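Both complexes below contain subunit A, partnered by subunit B and then by subunit C.
After this line comes the complex of A and B, so read on.
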């Protein structure tokens, strides 16, 4: 199998009180080793839900109805909860949109990174602390010794996103899923975070599934782009081709939106 | 200290706790020693808070009574907290059938008039200090369980819990390390109010003669002996009554102060 991740015909429904809402309707998605795939689409198009479905961390009202998700040659949908926990964090890691709310407010930065390390690796606390320190240096946090003892509310959004990236990379995952990781950050920080992600990708050699509605990011980082619309992948091609000859009207809409902002 | 309520409450409880811990050192007399020569002596330099109808020193009995009353309060609430945390967390986290079963059990327990349930149980078992602690604990966990469940219901939808699932943490780990610590604030407030409630409950039981048995002194059972001599010896009623009142006030002040501090 050449692809790291192969999603076939994924369908996810939401079971609400008196109705069933289809969120993802037959998504196919391939990510190769070391590849950056950008999943674009408007809000509510099902991109986040598709990404969460990969390790089954969906909201409790959502059900995966059908499909298969092959990762490193194993069907993740066939794994039980315990086996899946070995994949989560260790082989597939996530970073999210609001870094500060994704960190536990009652624990220090250090203890959260250490927890992640000790969850998947056979290391004692001292080794884990040392590694946490190295990770913080790696994500270019100034004064990591001090940040180790800081709490999430004492750091800025950009800093917290760096911390979260450090946490995600603690166990050297093969696939990093970034769900709009820069949407809540300002533009200069966004550029820094994107650069950091590409840097780290070179160093660790993971594949990146990058979810966004902002196509301006695509040119900087993506090898390929998949465009999602109303629960389906409507167009998929290499980055240059998408920008040169977009086929689906939603792709054109996304590009137009981004060009409009560029002109302002 | 900005938080005056919390500070005052802590001072009061610390004061009574130190008295309870140091009881053998500071008590002027043996609390059960009967002195036929000084029956119903009013407060005087020899007996600071007077003596009861058997000539026992009220101050000494109250000092030892503080031990019993406070430890019943703390241990009963400890038991209630343990049961409430476990059941509330399970109900809140897993939801569905588990939640329904646990919460219906809570509803059933709440239907019993607690005081009479305790009376009945103590009447069947012997009313030892140990039994009283356990029974008060076993009948006062429902509020904690409901509170913990409600906290966890809202906490488990928070993003950092999703992040915790995403890094591969087990349910047990998420509940014990991430959900419960975040829910602890309001639970602590209700637990401290619970201690006050448990002390009051013990006093009530002892007053009815089904609590701590003489000659062991508790604040409640000093009062029972005061009842028959109320007309002639006011000091036997006033001082233990005040001790109970001030302690309960202390715990309430701490709870109120904590509530303010935690927002």
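After this line comes the complex of A and C, so read on.
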């Protein structure tokens, strides 16, 4: 079966003032249709940069040096900006770590969702607003009619993450990249958001690339786990196998950290 | 919002009292009274005459009595008469306001329509060629003394090239022109003053805009905007710009008092009969009523400027609200 996403030998460097720092060094990653892949690794291991590289929304100092990123049979690295923009937000969507700072503070929730809808779908403002309302209901936001006119600072972190998920799913993407989406939330909210993501995954049928340094989430959601360490994928296997017989020492470290927390 | 505005307006009263007490005292501390200056110009004035003048102006009374008398008149909106020519202070100020206002409004207009795009363009590619040229220009603009720049420009455009008049606001034959001729003549006279009074602000605002824009472009929501698939134009001019312009709005509000403040230096150099020169003359003549009227005008405008800036900020930044202060 052909994978939805196939990353081969991806290399990303940062061009800083007087030096070049390698962040991602030959990453290979496959995600099948409808699959949940958990990308684990310590901070600074290159998880986020790999994820941003998929649609080339990297910081301005970062450059993709080599590799290929096949998505739905096309090499995204070969696409120009204009073609890639049709993929961003429409076929591949992101949710991020701190929803409140990833939403624009000066635009209302409604206008930010409507913007995404109108960008990729042939809808007028009224239809887009109606759809935004339905999306907010879908992510179980109470009083969506009011939230549409609220600003991010008026909502809690958990609410904003729901809003963000609604915005990301607006155009029914095939791949959702979730970069530590629950790290900034408290544990009960984290559970709710994870549950919501799995619910929506069933409903929409997207694949999920879930990035985290917290393996405790893995058992609940992941089909497979890739462990990243110093810019490379060091281990990749089905979730159960990773927990039963971890091979790389960093995998064992991550599992130990998770077990330690469990004992507390 | 309305209750907020009312509270702020009430807050102006004690502040204004403080400002006027301090400036009243300081001016009276300055050596020389208006009567001594009048006497100095005319050695024939006897001490007796001087005392009579003091009495007439109320300068023989203790300072606090003078202040209370002045304040009593101010409450009735009576700014008094100028010691210099006995004309109403209000009239003297009102006739000077239009020209200062026109020059400052034009400067402010040019400062913003030039500095904001300049700052944005610098921010998009910081430390590259364009940004570096702008930086050089900005440092020149900051460092250049206004009077010197004015003289250089007068020499170049007024004398060497003889394109523009070098001083005043009207030609001698102004009255003979038709309406378009008059407008043209005024504009030609205003070009140099407006340029000179814009340079400093231009340098400052473009720097503010640059750093504000660089900061906005590094915010997480910019990644979101790109991840949505928005074209770079929308990312920059919709998502970053709206955030970056917020601090500039404050500066705009704060520059309101400057609109009527006038500049002593360039109004003197270009022989423009504006507020700045009036203030300068009033200080030199120790014309207390006129000085105090201008101080009050400046103080009130500053406080209104702050208030307008705060209100405008609440309008453009949804995070700021004043209703929760009930």
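In this section, the second predicted complex is superposed on the first by the 263 of 264 C-alpha atoms of A that agree within 3 Å, B and C clash if a C-alpha of one lies under 4 Å from a C-alpha of the other, contacts with A are read in each partner's own complex, and residues count from 1 in each chain.
Going forward, contacts are C-beta pairs under 8 Å (C-beta built on N, C-alpha and C of every residue); 3 or more make two chains touch, one makes a residue touch a chain.
Because the structure is predicted, anything quoted here is derived from the model rather than measured.
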| Room on subunit A for both subunit B and subunit C (clash or fit) | clash
| task | Check whether A:229 is in contact with subunit B, with subunit C, with both or with neither, and answer first, second, both or neither. | result | neither
| Partner chain(s) touched by A:108 [first = subunit B, second = subunit C, both, neither] | second
| said: Taking the superposition on A as described, I'd like to know which of subunit B and subunit C A:153 touches: first, second, both or neither. | reply: second
| query | What is the contact status of A:55 with respect to subunit B (first) and subunit C (second): first, second, both, or neither? | reply | both
| said: One more residue to check, A:85. First (subunit B), second (subunit C), both or neither? | reply: both
| query | Given the touch rule stated above, what does A:116 touch, subunit B (first), subunit C (second), both, or neither? | reply | both
| field | Which superposed partner A:94 touches (first subunit B, second subunit C, both, neither) | value | both
| After superposition on chain A, which segment of subunit C among 60-68, 78-86, 132-140 or 276-284 overlaps with subunit B? | 132-140
| task | Mind sorting out which residues of subunit A both subunit B and subunit C touch, each in its own complex? | result | 55, 57, 85-90, 93-94, 96, 98, 101-107, 115-116, 119-120, 167
| said: List the residues on subunit A that touch subunit C in their complex, please. | reply: 52, 55, 57, 81, 85-90, 93-94, 96, 98, 101-108, 115-116, 119-120, 151, 153, 167
| In the complex formed with subunit A, which residues of subunit C make contact? | 219-221, 223-232, 239, 242-243, 246, 316-319
| Tell me, which parts of subunit A touch subunit B in their complex? | 55, 57, 60, 85-90, 93-94, 96, 98, 101-107, 115-116, 119-120, 164, 167-168
| Which part of subunit B faces subunit A closely enough to touch in the complex? | 95, 158-160, 162-170, 173, 177-178, 181-182
